[in-house]
Amino acid sequence: MSARPERLRVEGIAPGSVRVGGRAPASSDPLILAGPCAIESEEQALRIARRVAASGATGFRGGAFKPRTSPYDFQGLGEEGLAILARVRRETGLLICTEALDGEHLDAVARVADVVQIGSRNMDNPSLLARAGRCGRPVLLKRGFAATLDELLLAAEYVVANGNPRVLLCERGIRTFCDHSRATLDLHAVLRLRARTGLPVLVDPSHAAGLRADVLPLARAAAAVGADGVLVEVHDRPEEALCDGPQAISPDELDQLVGDVRALGGARPLGRCAS
Amino acid sequence: MSARPERLRVEGIAPGSVRVGGRAPASSDPLILAGPCAIESEEQALRIARRVAASGATGFRGGAFKPRTSPYDFQGLGEEGLAILARVRRETGLLICTEALDGEHLDAVARVADVVQIGSRNMDNPSLLARAGRCGRPVLLKRGFAATLDELLLAAEYVVANGNPRVLLCERGIRTFCDHSRATLDLHAVLRLRARTGLPVLVDPSHAAGLRADVLPLARAAAAVGADGVLVEVHDRPEEALCDGPQAISPDELDQLVGDVRALGGARPLGRCAS
Amino acid sequence: MSARPERLRVEGIAPGSVRVGGRAPASSDPLILAGPCAIESEEQALRIARRVAASGATGFRGGAFKPRTSPYDFQGLGEEGLAILARVRRETGLLICTEALDGEHLDAVARVADVVQIGSRNMDNPSLLARAGRCGRPVLLKRGFAATLDELLLAAEYVVANGNPRVLLCERGIRTFCDHSRATLDLHAVLRLRARTGLPVLVDPSHAAGLRADVLPLARAAAAVGADGVLVEVHDRPEEALCDGPQAISPDELDQLVGDVRALGGARPLGRCAS
Amino acid sequence: MSARPERLRVEGIAPGSVRVGGRAPASSDPLILAGPCAIESEEQALRIARRVAASGATGFRGGAFKPRTSPYDFQGLGEEGLAILARVRRETGLLICTEALDGEHLDAVARVADVVQIGSRNMDNPSLLARAGRCGRPVLLKRGFAATLDELLLAAEYVVANGNPRVLLCERGIRTFCDHSRATLDLHAVLRLRARTGLPVLVDPSHAAGLRADVLPLARAAAAVGADGVLVEVHDRPEEALCDGPQAISPDELDQLVGDVRALGGARPLGRCAS
């Protein structure tokens, strides 16, 4: 199998010109999407979202539908979570990025989200990808944790071939023999993806690190290597988080991350690196 | 995360007593499901199925809905393929095993299939797993190619927790650094899965090997290690196959495989190995 | 880089005709090398060796020089261990296989050993491989746990190119993301190595499994897939073993293993499978 | 097995105070070791070394003894290469870093080198590590391409336990399923190693990328994540290089790399990150 990167290059959006939700970030600004792993309550979401807005991040991320390895873990608030996200959007003006887990809920997600996330576990789900291609929203497609870049680009093709060229790719770590990371962050992939397509490439340091202390330096590295943005988990009370608390940074750490990523990413206008 | 194997052990079906489609194979017989990767036409399916029946295999496998990495590859005949499978069943009496790719088609698949297959790429798809738990048919759950055994067992839990204890697990190779296999067949997983659950464990040597010449000896190894059965791709005109021709064995090779697997597997009654 | 398998095929020894230590096993007999991970004392070595001889195994394996990950672990008895191995050879008539860790001790090892083992960690050590090529003894070369087959064959070339065509290859498991094995046993490699070279290919199920209960079924699978022999760790008091006790099988289990491997391997004469 | 990081922490040298060859770099300066993969001739080495010196890099790296996968590839100039390195040192004043492949040549290497490199393939070679512990020079220890961090730290222990606390660790990429990199650069390892030991941690982006165009941005990422320095391959005529030409950057690119790494690394004094 061989990916058809030239097609993505032609149909893709130029880095720096991505218009998510109708609003165009300044071309030199990295996209920073921050928020809790899961929407746990309206109070929790609004409390954290206000801190995210104050940090200068571009958007708010949080899961209403959660893909969990175990059927006995918290599966998200579902439709109620989407209603909370809509309120976060109204109150803070932040872009909303949230995940669609299956075709059944995709339209409901797309009504609320400025960016519809397709998670790592669904990168290989062609019917969901095809539906995402018809949802009318930019799609944030996370690389599967055992996917080659060809496979990621072909997954993007399922979205693009169904009429939606607004795809953002996201590196979030791959599965290796290593036991010191939740997943091994493959920053080289950012360079290769940018060299092969015109699609923006984001990095999620939180799921790769699995550890709060390492999120900020990995986000710095992502910006230095030329990523178009980062996706990061933030929680103000991580010990109470229903999901992934140990990897959530604090709002204060987010302030520093936004500054660092802007400084490092801003130094090199998007679209010029690694070609 | 820790899987809850004791639950699967309690609710699972004892190896050797698996009743697929209402018919119980003799307890010392390995389950052998053979057929082409994809249903390509009625003529092709019936032609191969007659050879499968003559070989003494238990069932016929073939995809009506095909999960493909690229949107530009053959995606299967869909509903038409299911109708062909129904005719194969009537004409040959073979058990039918075919894959359900998404919730939308699951009920249609379950009407035709004696065993509903959930493929590797959907092992991480909780909503499909939950639906499979309610489909009323035994479910053949293939291990994701980067899944740990805990993750596979928790995926099985999604099926079991939704009311369906008739789950068959299938090892089909994992993704590693190796370049000589399509996937590295992990036969040790068969032993660990049998030690941890009461569910039958099958092996698919075809997708692991990716190469016709190696399918038979890997199937022998699977039987020798104690697998409860094998899933194998067969085609009489592999050079014309629309999908995975290079790994399909011939009907003559299937005859040998059925004999070898029976001889090796039959030597040790199911349910007694690897404890 | 591309391996030059045709060279190995030309210079290699035909499977079934390997003459280790001047004695040719019957061509249909798998080679079974069994013994403790480490030589711990003369009494321990002789006690276990007598049981190995009684089982019908071909040779005795045991480490005098042990490659250990930590400098604080037992490093082997060294020269004293070699003297013990010489006595085992005299008393039992078993072939002796033991590891050479570095060039300094290679000659001393080669004086005692019928087969000089180069371990996984030294597969990438060209100066040791070159010396092994000049040692005058058959060399058992274990695959590195992250080595491709090309790399293994090129390592064999270092031995062959230095004048020694008597190389036996050994698959002992590779490093993957899996957490249920010490290493993932890659039995497909046995088929590919046999298809590409004329060298005998052994399998070490002990280091792959890491768990006593799984050694016997994996050895059966190795025989069924067509391996030319197995290397297996045995201890009669595993709880006292200074090294790798949990993966050592008992002498009684060895009796069964020898019978099973002979039955499965003997069913198919060496040199005819997987071509 | 568990590494004993506290010991390394106690005996290690504080980041920022590493004195290689008796000269202490300013504490806020990253260590930049640059040069060709292999010393090919005196003229080539001096020509490149002058450009390395002009770039402001700290030292010159180049192999006199080359570990090659194939016995038919160029194996380095050996002793002659060491003599050339000695001349490079005299003429340019650059620190010299070169690899010792086996114990036989270690003393000769240590007479010329300010830093003795132990390569990835020898990280598992305890006798070479022990000798390096007695060589009287700082040791640059590269992580094996399938080594966990515990294994790397235990390899460092072999050096330290033999009397040499001056160890520099180096991440150079790990072996994964990815086909877009020569090795997957694991920058998270830099953070974990710095958190667990007081040893300096360098990064080699050249061997990971395998591709010239990606070396500079990966070096930037290494600096941004907090590495204490980089090891980089440079060649002015890469098309003529006897080894690894495709990953060698040009002297002009080295100028930019030195500037970028200093700017990014200098922004955060060594020893303060990732705690």
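Which chain is which? They are A, B, C and D, in the order written, and residues in each are numbered from 1.
Criterion: a contact is a pair of C-beta atoms (placed from the backbone, for glycine too) under 8 Å apart; a residue touches a chain by one contact, two chains touch by 3 or more.
These figures come from a predicted structure and were not determined experimentally.
**Student:** Which contact partners do chain C and chain D have in common?
**Tutor:** Expected: A, B.
**Student:** As a test of understanding: of all chains, whose mean C-alpha position lies farthest from that of chain D?
**Tutor:** The chain farthest from chain D, judged by C-alpha centres, is B.
**Student:** On a C-alpha centroid basis, what's the spacing between chain A and chain B, in Å?
**Tutor:** 34
**Student:** Distance from the CA centroid of chain A to that of chain C, rounded to the nearest Å?
**Tutor:** Computed value for the inter-centroid distance: 48 Å.
**Student:** Spell out, as numbers or ranges, the residues of chain B touching 2 or more other chains.
**Tutor:** Touching at least two other chains: 146, 150, 175-177.
**Student:** How are the chains arranged in terms of who touches whom: line, ring, star, complete or other?
**Tutor:** complete
**Student:** Sort out for me which residues of chain D touch chain A in the complex.
**Tutor:** On the chain D side, the touching residues are 146, 148-150, 174, 176-181, 184-189, 191-192, 195, 208-209, 213-214, 217-218, 220-226, 264, 273-275.
**Student:** Can you list the residues on chain A that touch chain C in the complex?
**Tutor:** 175-177
**Student:** Taking the touch rule as given, give the residues of chain D at its contact with chain C in the complex, in rising order.
**Tutor:** It comes out as residues 1, 3-4, 67-73, 75, 101-104, 121-122, 124-128, 130, 144-146, 150-151, 154-155, 157-158, 161, 175.
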